Amino acid sequence: MSLNSIFQYFVPKDKKVFFPLFEQAASNVVAMATVLVEAVNNNNAATREELFKQIDKLENKGDDITHQVYLELGKNFITPFDREDIHALASAIDDVADNIQGSANRMMLYHVEEITEPIRKLSDLILQASIDLEKAVRELKDLRNVRAIADSCIRINSIENQADYVFDRAVADLFLYEKDALKVIKHKEILAALETATDMCEDAANVMESILVKNA
Amino acid sequence: MSLNSIFQYFVPKDKKVFFPLFEQAASNVVAMATVLVEAVNNNNAATREELFKQIDKLENKGDDITHQVYLELGKNFITPFDREDIHALASAIDDVADNIQGSANRMMLYHVEEITEPIRKLSDLILQASIDLEKAVRELKDLRNVRAIADSCIRINSIENQADYVFDRAVADLFLYEKDALKVIKHKEILAALETATDMCEDAANVMESILVKNA
Amino acid sequence: MSLNSIFQYFVPKDKKVFFPLFEQAASNVVAMATVLVEAVNNNNAATREELFKQIDKLENKGDDITHQVYLELGKNFITPFDREDIHALASAIDDVADNIQGSANRMMLYHVEEITEPIRKLSDLILQASIDLEKAVRELKDLRNVRAIADSCIRINSIENQADYVFDRAVADLFLYEKDALKVIKHKEILAALETATDMCEDAANVMESILVKNA
């Protein structure tokens, strides 16, 4: 229990500033993941490239939101949680956005023509994890529904496990069936970027779990 | 010095709950590493597969222990350390277990027939680091033998450095002597998973060092 | 606001111990990055090897400084920041040094004859980030020039983004123009090590930003 949490009982919490920003950042991640799923399910390479570029723009928007959180942290003395937790949560959501954009970017840069089943599955899992991330972030503002936050975090962990499994299976299949080493490397890199995006969702969930145990 | 550490002087610490769980989690990691070493030293592929499956089961057991720590954190107001440190330590030990299982899993999935010398060396280093991890965790409950904890952490760091060296050397040798690019990729991935398991031991050691400096 | 920061108003801060050590560690990282840039711009393989070995020696020196910080943390009760932040900052600077040495080491071990343009660019970015790291660390001791620290951290973030871009572009070019899969893997590994060094600079910047928001 930190001094901050004691202050919470006496001082009106400055929730009006941080929570809307967190919610915007999480919604932006959901938007990015939605476009990603749309892209990997589209058979037209040109349309896919358009959608990947849309992800780029959303990522820039996300950067602006993160930057605003940092600016507010410099101004507001009383914060709803410990200052370092607000910083950590904003960074963690930003990392999810970075890695979705990174995955899309690799698919563009490596000129991948064939979107495979595991790429689609991992993109779906990223979207699912993002939706739970947004849910948890929305509940964070009153901490009354601790159960709902914890449940979302548990689901994100389970999604990350599934992503691990899909990734491992997909790489094993590359080794079994693909004889072109360069193609193996290329696809492994793209699958790894997608899988890392779910890792980052788990990191964000860990930050929220840590906020829960601190403020329980 | 946090409020928690002040409270420690007035309130009986709830050590009966958390320390047995940490010790179980650490012992489970040692059990996993022991089976791993046994597996990579066995020439029979079928027996190896049996042992790798045993690692899977132990990992599930570890997950249950981690989950129990989180549940207790939700119930107990006074914790022996800051709540977030208990959360961090449980997560760190869980990460070690995940990565030992991940290494075993890759060896199974990639159908690696030939267990090489660096695979055996890295497995040995994982076991050594796990044993020191367990030692440090056992000493954590009274913090009287701070020296012993610090020494284990230093040894874990040195083991991780050795693992880095074995990994780098092994990958360099793959580049020098193995002309089949697919085999190079496959072995590099397995070596990387094993090396990451020692990184996770170092992360767990870092959490304990951080607990030490906070509660010194 | 932690108890430590309250104590800061009453107790003379023990800055004489920690800040000179942080400055030494950061200067050592700048020295390592300077030698790295010199090495990758030298066409003579033997001279390059000599310079890479110099990086090894500097890394050992850095380890000694980190170790001293940990020792002092064990002795000093009143620290200028929360004890865990001092630990985190020392570890983060140490990680930068480890990764510069790791990059140099891979270039030696893999017998890379041809130093490519992206290797040179990434080395330049590491040097730039290191210089900003040192600047920020020097300002940390009085926290009067919070703006200067924040600016250095923002620049480090932007350098890391540039490094990401150079890395992604370089790997994409390897896939496009290099048909030897083993050479692709080798160069990808070296580029990844260099890029990770800039990630570690960003991690160190994150620790400093977190110290700023805690002590603002």
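List of remarks:
Order as written gives the chain letters A, B and C; numbering starts at 1 within each chain.
Heads up, the rule we're going with is that a contact is a pair of C-beta atoms (placed from the backbone, for glycine too) under 8 Å apart; a residue touches a chain by one contact, two chains touch by 3 or more.
Keep in mind that this is a model prediction, so the values were computed, not measured.
If you sketch which chains touch which, every chain touches every other chain without exception. Overlaying subunit A on subunit B by C-alpha atoms takes a rotation of 120 degrees, rounded in steps of 5. With centres taken as mean Cα positions, subunit C sits 26 Å from subunit B. Of all residues in subunit C, those that touch two or more other chains are 2-3, 181, 185. Every residue of subunit C that touches subunit A in the complex is listed here, in rising order: 1-3, 6, 146, 150, 164, 168-169, 171-172, 175-176, 179, 181, 184-185, 188, 206, 209-210, 212-214, 216.
Touching subunit A in their complex are the following residues of subunit B: 2-4, 70, 73-74, 82-84, 86-88, 91, 102, 105-106, 109-111, 181-182, 185-186, 189.
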